[in-house]
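Here come two complexes built around chain A, the first alongside chain B, the second alongside chain C.
This part shows the complex of A and B:
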């Protein structure tokens, strides 16, 4: 009975040691918060817009709602979240309109396509307009020169005829 | 036979493309496409502008459907609440005027809760969960509340700010729109009672 008790004690001690080791390892595996600077928070905050304060980027917005959002960004950064993860979280939670840069999908593509296309089209139309303008100006100059030459020829011919007649 | 050339070996007319006509045809299609694209763009802009210019949902219209996921994880669909008067309150923890009506809303909910035919729903607008929970604890709010995920519900109701409260009748029709905080418990009760007394 005494031997059995000793065995039990040994097993119990072993169990305590193992549990202690496991607990210390588990404790060591807990993520330690990463120190986060204001610049890191603002780098992400300036890419977000709170729907309450329209057209004011989150990094310079002074409302309580924006302060809460910045605190949330800080907390997420301290947990090791990436910039993309944080932006995605905000878009899912509050809608894509909080993003300074609209996601490239659906009608949002218009924002990316229309301005450059309009710019290129405008440049092309301007180029064509200038080309036509220059061509018309050249044609006008040629026509004017031809008209002047024809007019000169007419008088020259008349003069020559007169001289010839008088000479005769 | 302009535009056609006789093939000497086959004695059959072969169409010859008129470059000028071809260019004109291309220019014609280009213009149609350009005008079409411009009109489509204007239509999209007009629709967007019209949507932003629309005021809140009109009283007498069907209340926009939504599903609210509460902070406890329960999903509540407005469509499933037919036969009940539903009071939908938009609020936020950072909203000071919301605090003015918080106690009255909770008192009204506790007053009607035993009846079973009135439900209060809190839609937490552009807020962070810890602050929202702290607010609910502060005002001892017990009716179902949840975040307005993606601001979909607030956009459907086209709210201009918080607090705003919409009272929906048993048929799913919007009967009262309270823009700004309620001034008293009696004001909430007067709106809900009006719908309960006219219920079929």
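This part shows the complex of A and C:
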């Protein structure tokens, strides 16, 4: 028990020092805290995801951890941090997964490139297929036209018959 | 006792399925029809056996048998009876048995049909259905056994096993851990069965497709045989998706209905390929083209169904770690991989038999536009699949975890959905075989002019968002073109048959239900699109902490905080329920009761919004926080969701449209004759 509580005290101390450092730094730039509304906090929280709750954006997440993160955002906003700075901070602290999209760098580019490339490839294949078919069609125009009209006739005949039957 | 019975039935099902596969193969290769009949009986036997197994689980759930691990993980004493019953699909082990049960009922229904003309398909349909069933039953037996019990070892340690370890005593907890509160909602009770029905019924067309490939009977017979199955599968899947969306809107408390969560996407992906399939089979039926492509689509749909079943319950895709730890993950991937490779090899084997019988004459013909539709659906599929898979890939390669969230999907799929709307407006006006810019233009100019008028009205009303205006144009175009198609048909009937407007409409739809049911679905998609544009582009929100009597403003709405009560309920909840008054343009329009339910058994909270819903907009209030004891102040989050009700109305219209198209015929001959018609001579 004692060891545990010592650890807690140390973490707390560390946190105080960190927050203190960071507050003093921010303080130097912005002496008076800016009033922050819930909406401002949510606007940023909306774009962040906590590592615990899968796929739940921070602005609607009900857990205690998320409430603390929102409090942290509020604090940062009151010190005049910009949206980008805050997102940057969270990404550095907790990894890229807190961002709604993978940062555009390295392997992550794949996530943005693959779908359009696949679509373009599909479109190209489709276009070539259609051209092939058209070429075939030109070769077989006569045969096709005959088949078509036969099919059409059959249908018309059927329809006529049916109409006659209905009319009775 | 009952647990043993259920487990025994499951085990026998497994053996019967294996026997059925063997008997069907033996009968087929040795030309012994009696063996195929025996396989058919084996298929039919799986249903009563699985019923025993599933009913055993339900019995254990209802009678509080907490010594069974599954029961104690999804129920608790305070839960009402109906929730205990539906807890059958409240967890993974139960869901898998439920899946098998539904699967066997569908497959049995199929084997009961008359096979006179299609006898050669029978053994192969049985083999495919039973292989799928054996896989799922095997999972339940060997990996995710819902009948596992808790045993206390001599040392006091409690273990989870089917049969007692040496010297162990049965361990019965006094109460269960309860169902996840999020799942205690009517939407969540019907949603999974619908989704599963959709999933399992897609196995049927796949089984026929494989039978067609194996037997070499590669004409469109398999498509005609399974057309209704496919439509019903699609209907259930759509219903599952819509109910899931509604559940999210009512229960999850984030003001929306679709969050691009991997679980949602998992159910959406087979729907995408299924929808593409439904369209492209028409080309095969009418023109004898795209046979290979239809095979690809049904194979993809089948494997996405398996993938979806696996994803929706297990959550193992959340990280590489979770995946590696779960025994079920690698098995699923192996099964998906093997069936995919086997199906594709069969397809390659028959590739040349599946050559098109007709050729495409025009890039604007109906079939060319259908192909474009397929391209777009598959484009959306690629986005979805890639978005779900990428985080795993990233973690595997670089060790870095990433989130692929809504902004990615919205940006990537938005243009594709818009293009689909455009196609939906143009394609019904194009003809099979040949259309030209001139014929198409002549058919399109009137609806287009009307749609431009809609955009002008929207501009006058103050809408300036270019994307929204474009969306309004496309939606209006779909609606006008579809109504124009109806009007053309009705007018023709009125002239020809001297019918009244009403009976002409009824007869028109009745005599070509697939086509006009399809158009009804197009209309419903326009309604859905309207709702989606409303909430996606015009949603606004605000949050504030109010003292009693104070109010919060959002757009032309305001709400005031009247009171809040905190109390316990007999079913094990602690409820905090606020009363707020809502005003629109300063006028009182009613009271809402947003609440937060805390479930003691599972220790989880749930936020239930108070919603005022009209055709124009929804006013959606969430209770975020409150001052304990005094309840003098409370924090509310409020959303204004324009037009969102159109999503639900569209959903209902969608179901009706699909029912119109899929309902079994009474006058079968007549309808077959009419639907075989090479229709639409657009420009007349």
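As a convention for this text, the second predicted complex is superposed on the first by the 111 of 168 C-alpha atoms of A that agree within 3 Å, B and C clash if a C-alpha of one lies under 4 Å from a C-alpha of the other, contacts with A are read in each partner's own complex, and residues count from 1 in each chain.
Methods note: a residue touches a chain if its C-beta (ideal position, glycine included) is under 8 Å from a C-beta of that chain, and two chains touch if they have at least 3 such contacts.
Keep in mind that this is a model prediction, so the values were computed, not measured.
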item: Which of chain B and chain C A:95 touches, first, second, both or neither; value: both
item: Touched partner set for A:114, first chain B, second chain C, both or neither; value: both
item: Contacts of A:60 with chain B and chain C, given as first, second, both or neither; value: second
item: Touched partner set for A:34, first chain B, second chain C, both or neither; value: neither
item: Of chain B and chain C, the chain that contacts the larger number of chain A residues; value: C
item: Touching partner for A:126 - first (chain B), second (chain C), both, neither; value: second
item: Shared chain A surface residues [contacts with chain B and with chain C]; value: 51, 95-97, 107, 110, 114
item: Residue ranges of chain B touching chain A (in the complex, touch as defined); value: 34, 41, 44, 92-94, 126-128, 131, 147, 149-152, 155, 161
item: Complex contacts: residues of chain A adjacent to chain B; value: 50-52, 63-65, 68-69, 71-72, 92-97, 107, 110, 114, 121
item: Residue ranges of chain C in contact with chain A within the complex; value: 252-255, 259, 261-262, 289, 315, 318, 356, 358-363, 368, 371-372, 375, 378-379, 382-383, 386-387, 390-391, 393-394, 397-398, 400-408, 412, 416, 433, 496-497, 541-545, 605, 607, 635, 637, 670, 673-674, 676-678
item: Touching residues (chain side chain A, partner chain C) in the complex; value: 37-39, 42, 49, 51, 54-57, 59-60, 62, 95-103, 106-108, 110-111, 114-116, 118-119, 122-123, 126, 129-130, 133-134, 136-137, 140-141, 144, 147-148, 151-152, 155, 158-159, 162-163, 166
